[in-house]
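To keep things simple, chains are lettered A, B, C and D as they appear, and every chain counts its residues starting from 1.
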Amino acid sequence: MIAEYPPMGWNSWDCYGAAVTEAQVRANAEYMAEHLKAYGWEYVVVDIQWYQPTAVSHEYEPFSDEPMDGYGRLLPAENRFPSAKGGAGFGPLADYVHSLGLKFGIHIMRGLPRMAAHRRLPILNSDYRCDQAANPNSVCAWNPDMYGLKCDHPGAKAYYDSIFALYAEWGVDYVKCDDIAREYPHCQREIELISEACRACGRDMVLSLSPGPAPLDRAEHLKKHANMWRVTDDFWDDWRLLKGMFERAEKWCVHAAPGHWPDADMLPVGALRQCYDSHPDGQWTRFTQAEQRTMMTLWCMMRSPLMVGGDLPKNDVFTLNLLTNADVLDIEKDSWCAHPLYTTAEESAWIAPRKDGKGCYVAAFNLSDRARKISVNPALVERRCARAAELWTGKPARGGQLSAKLAAHDSAVWRVEY
Amino acid sequence: MIAEYPPMGWNSWDCYGAAVTEAQVRANAEYMAEHLKAYGWEYVVVDIQWYQPTAVSHEYEPFSDEPMDGYGRLLPAENRFPSAKGGAGFGPLADYVHSLGLKFGIHIMRGLPRMAAHRRLPILNSDYRCDQAANPNSVCAWNPDMYGLKCDHPGAKAYYDSIFALYAEWGVDYVKCDDIAREYPHCQREIELISEACRACGRDMVLSLSPGPAPLDRAEHLKKHANMWRVTDDFWDDWRLLKGMFERAEKWCVHAAPGHWPDADMLPVGALRQCYDSHPDGQWTRFTQAEQRTMMTLWCMMRSPLMVGGDLPKNDVFTLNLLTNADVLDIEKDSWCAHPLYTTAEESAWIAPRKDGKGCYVAAFNLSDRARKISVNPALVERRCARAAELWTGKPARGGQLSAKLAAHDSAVWRVEY
Amino acid sequence: MIAEYPPMGWNSWDCYGAAVTEAQVRANAEYMAEHLKAYGWEYVVVDIQWYQPTAVSHEYEPFSDEPMDGYGRLLPAENRFPSAKGGAGFGPLADYVHSLGLKFGIHIMRGLPRMAAHRRLPILNSDYRCDQAANPNSVCAWNPDMYGLKCDHPGAKAYYDSIFALYAEWGVDYVKCDDIAREYPHCQREIELISEACRACGRDMVLSLSPGPAPLDRAEHLKKHANMWRVTDDFWDDWRLLKGMFERAEKWCVHAAPGHWPDADMLPVGALRQCYDSHPDGQWTRFTQAEQRTMMTLWCMMRSPLMVGGDLPKNDVFTLNLLTNADVLDIEKDSWCAHPLYTTAEESAWIAPRKDGKGCYVAAFNLSDRARKISVNPALVERRCARAAELWTGKPARGGQLSAKLAAHDSAVWRVEY
Amino acid sequence: MIAEYPPMGWNSWDCYGAAVTEAQVRANAEYMAEHLKAYGWEYVVVDIQWYQPTAVSHEYEPFSDEPMDGYGRLLPAENRFPSAKGGAGFGPLADYVHSLGLKFGIHIMRGLPRMAAHRRLPILNSDYRCDQAANPNSVCAWNPDMYGLKCDHPGAKAYYDSIFALYAEWGVDYVKCDDIAREYPHCQREIELISEACRACGRDMVLSLSPGPAPLDRAEHLKKHANMWRVTDDFWDDWRLLKGMFERAEKWCVHAAPGHWPDADMLPVGALRQCYDSHPDGQWTRFTQAEQRTMMTLWCMMRSPLMVGGDLPKNDVFTLNLLTNADVLDIEKDSWCAHPLYTTAEESAWIAPRKDGKGCYVAAFNLSDRARKISVNPALVERRCARAAELWTGKPARGGQLSAKLAAHDSAVWRVEY
């Protein structure tokens, strides 16, 4: 089963924007294999514009000359991904990642390259050309590369089949498709075409849809056609964004289950914004350690996918520990049916039964800007706790009392046993 | 704790509208004591306009002369509730219900009687008069009896305190307050005043708010101030309304917990509309037996309160069995953290872990208009089922397969054991 | 023809609120007869709550005991209107106003008194009672006196016929009906009933509808059923309100014609708020002299009715001159088809052809907060001006140039001759 | 002064769509010179996609190869406009139109050609390239040719200056700019750039903005920056569209004045849809003769520009007479300050004073689907009519009575003299 549990991995966007290089990807993969793989981390994902020879930051250069094959399929920029030379595409890099015991993923934009339409290139294994399948009025609001497809034209299916065939050849395990998850209703059919092409390509690939917020009232469509989808716009290291995630988590938590996971976006921890000599927001995460615990706790309780955004080799001890707390990470696999008990302006509490029936997880979040003692009402837990341990500190809960004095923005999470 | 589990009982509205009499209430209480009490049913609730001498149907007569005491507190119409004579109010009737081992509830409208304001009656234990506390511009859109209160005037608190003091004297255990649950934001403060008066009156009373749909974004306010609140407009014996409840159940299920329960409204089963010689919709429930199973299953899985709407003494065997299936009713007390696995136009499936950790409940609903085999994907249940039994038929699930051939609108619900 | 020209008169609201007395009305009528009548001013209008014995300000007392006859028709409070004694109603006061060569008007709220419904009073010349015609859910959002009527009940027409019959007996010439002009669509039928009762009562009466803003998309309904209607919410002596009137005037000007006039509301000039010993906004108009000229110019150009709000006997020389500039007042009768040439944040210009074909009026408004020279582009006037005179200063326009240096918020208006 | 009166002319769209040829343009110009010029018709306008070599209908072919010069300025397709050969552009055709005593106009889309951006062509007289000035996310919703400009980039102004310089060289007198009039607020700055380029180019050109509906609340911006702008989406020969125009005319009429005219769109009369062998809607106008009179009457009363849409040489006698009724056409020049007297579902009446002061025009429209006698209430005309003549029939109005029996959708218009 694809995505039986929420996928875990690394994504190049937060640290390298549109400009990541093969060397950086390899270094992150190697770090993951050595330090993280044992904890369940496995996907190494190259984010947007790997085909753009001139990318240097998080900005997109319009009207650039992007490498593509004779069928309008984009190819990695060889100046950034040397192993792609000679038409090898991402095959060699995928092979290398696989050799480390990991899985390889890429980002795509929905649609086909604008110049493939203007050049009227043929679509592989079809009688159609790119200009016939492209919709000249369907352009992404924030990226200049593609035209969306005319989904009722047979060339659209042929084009999507052609790119997933190529990705299968390369050995891709994970595709993050962008400009689509919040683009209902006009992209509903395009999601279906992409999903069908992905599943018919002959290789297991996780299909991830971006950006959010995906519309809640299309949850069933998303669950049917994707393995994960963003429930939020781009998430960065800003407390207001993290606090806002509690509302989205509450609405989406009932839709998390094997095969389809609401996605709260990358974890902006550690070394971010590395494609700049300096950056106004700084290059290390602006989240406090407390906030990072809160983020990890919420993501795990809601069973969101976990994709690290920071440059892994630069991790400090705190960050590595954060990402390798096995007890906390276990929540993703051992719990189910999580939901908030309550959420106010100052605090929130969540509960998640354990699937093995031996207990549950209870999390308490201090959403206020000062230290605060939070005690979860035992009546809401509905079962007498025999024992409980807090998973960030390892401390047992005295008398089964789920209570903690928490610093501003910090959280606690207990494994409760009956 | 008040409402540790979702309240269960009977309400007079569906069968007797605004016109129920003491004799009818006593007959229903006696039936409940004899046939239903053992299964957890306990509240006997007199619905709207028990003060209206001329009520004969579900309609409200405007500008009638309603009995009230010298403090503007409504009293039962003595022609309908003879035991109220001599100023006894609902005391004697409450006593009788209590003598059967049951609990007694009444309906109120927010505000005070219009004529109490026009007569400028004093408010008990205060220096204020009803005309000072009443807001002449706050009238209910569908009932002509009351003026809402000026919640920032001290007379408003005094008035609500005065009526709950009276209800405590009478021995009331349950108050259903109407014209308020969906009236956010303008009634937010009025909800708080009523909640505070209820909790301070010296007697445990369930506080139930109507009508719905209560706004989802005020869930925390409702959880704090009420024990149950309607998530829907009036619910009747119409399949479209029942089918529509699945969407509301999905949104509200995460807010059900001890002390506060989203309420899907009364169960319109058995003998309805009994205050008419005949009624265009008929007097027996128009729900099929399949639909009634589906309703009971959904209400139990979402842990909604259960209030029967039909005239209990007229129950047939089917209805009595429906209301006394102990295995199904157990779901309300034994499960938690329920949520839908998926809901499409044709079918829905729900899951609810058991609090004792020994298994879970899984329900399958045929929402389509024809017979349909529904098989719940084992991957979604996330645990291997050792054994499972369907609770309406008692049949074991062969090989742990959660699969059933269901008639139109019918449902199955399995108790799964690990 | 009723209201062949925009009605001109005085209204008691701005100076005496709900509390005006007969002596004050008589004093204003006498002043009007002596100083204003020659300039076209003729209506003397008693505004809201003349039936309220305890009114002292612009506030409304709820749940008071209002005088009414045995048919639920309100009568003047005799403590305020002594000539109404003995059931004479407004007859003697109307007679006195008529004796001065003027016309008499009153204000009413749509609907019938709440207590007429609660008392179940009969409706004159009908088989119905007030409780049958009243809609207990139709209450005014800002005044506590009335219930709106069930317009599809025959008692509603009977009630409105009964009050207009009474007003005709009294000798009323002008009825300002409130809580109705902006209450589309739910009051559309009520407007029709009132209009029909007014026109069938046997006496010519101007029918004026309040409060605004009346919806522009119902202009034809208003033109058919009323003689004037408010295009704005209550207008007071505040520059922001006056500046905002330019937008409404632009939208409504095409609907001004004999018999039906968009109404920009009373002129708050001179002695306002006289029912207070003092008032936070002061008791004399806060409009500058420049602003008062601008108001008069705009009202005349758009052909709005003119109803003075100040206590006339207290007029100073400026105010009297403002209200007796015959050249400016002539615009109301001599022009037609007026409209703005343009309106920006800083200035506006209007044009109005003269009906006699001998020229046109051109107005220039300085909407900015500092002195400003405004020159109206001759191309927009489309005709060569032979001569032009400015009507506030009396100065001829040199060389036909429509140009003026205007103080902040001031205006100029020229009579242009070909 | 540019556009002192509402422009009158012919436009190729209704009859030849995107496919008009030089021969067709010349034939229409010749017809205009011979038959229409004497009545004020003067502009000959080549509508959309004159640069598209493959255009054959009203459809736009995406991703075609359009002729442009080295600065990204589109050139006429030489296969359709032979005189453009050798880089002459529209110069020779403009010269020919001028030689007939007429004026020449062209259509443009806002923005620059997509391929000019992808080819990174330089912008004339600037240091910028087309890819720098183009906004890759600003595409027209219905036409695939252009990218809108980044209006805060100096290259945007340079590009618009460059194309208007070319049009001035060619001798263009009228530019209809498309994809812009309803595109507020995001195109507000682009309108300003185009307006400034047009006025600074050294040649008088009418600037017309399309398509509508332009937003009424931006009327002053449009009046300042354009000579005419569409108040409606595309208008065709369909009664529902014509009936709907009365509402727009009412809202916009106050904004018509020398230099700036609200535009009700082309007159679809005579031979339409000539670029098809046949067309489902037929090739001759589907308007009845009555409807055509109604359209001409309304357009003249509201002083809309008049641009014929039919292929002029194919005019029949009725159409030629319709377009050469000098009395009706005079309304455009002789009247001002027009507005509707009233408009109901069945009929409308308009009034327009004459600028010379000698009378006015009154029009009556039968909007119902059956014959109807319409009598305009003399009170609304406000002046006693000495004489009046109906301008379509030439008949005098007996006794000055403005009354006519009108066929379904027909109209009458009187010149009233005092």
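In this section, contacts are C-beta pairs under 8 Å (C-beta built on N, C-alpha and C of every residue); 3 or more make two chains touch, one makes a residue touch a chain.
It should be emphasised that the depicted structure is a prediction, and the values quoted were computed from it without experimental measurement.
Undergrad: Starting from the Cα centroid of chain D, hunt down the chain whose centroid lies farthest away.
TA: Computed centres place B farthest from chain D.
Undergrad: Report, in whole Å, the distance between the mean C-alpha point of chain B and the mean C-alpha point of chain C.
TA: From the centre of chain B to the centre of chain C is 52 Å.
Undergrad: From the mean C-alpha coordinate of chain B to that of chain D, what's the distance rounded to whole Å?
TA: Result: the chain centres lie 65 Å from each other.
Undergrad: Distance between chain C and chain D based on Cα centroids, please, to the nearest Å.
TA: From the centre of chain C to the centre of chain D is 43 Å.
Undergrad: Multi-chain contacts in chain A: which residues touch at least two other chains?
TA: none
Undergrad: So with touch defined the way it is at the top, what topology do the chains form here? Options are line, ring, star, complete, other.
TA: ring
Undergrad: Strictly by the criterion at the top, what is the full list of touching chain pairs?
TA: A-B, A-D, B-C, C-D
Undergrad: Note which residues of chain D are touching chain C in the complex, please.
TA: Residue list for chain D touching chain C: 1, 4, 220, 223, 250-251, 253-254, 257-259, 336-344, 351-359, 379-380, 382-383, 418.
Undergrad: Which residues of chain D touch chain A in their complex?
TA: Interface residues on the chain D side: 62-63, 114-115, 117-118, 120, 131, 134, 136-137, 139-142, 144.
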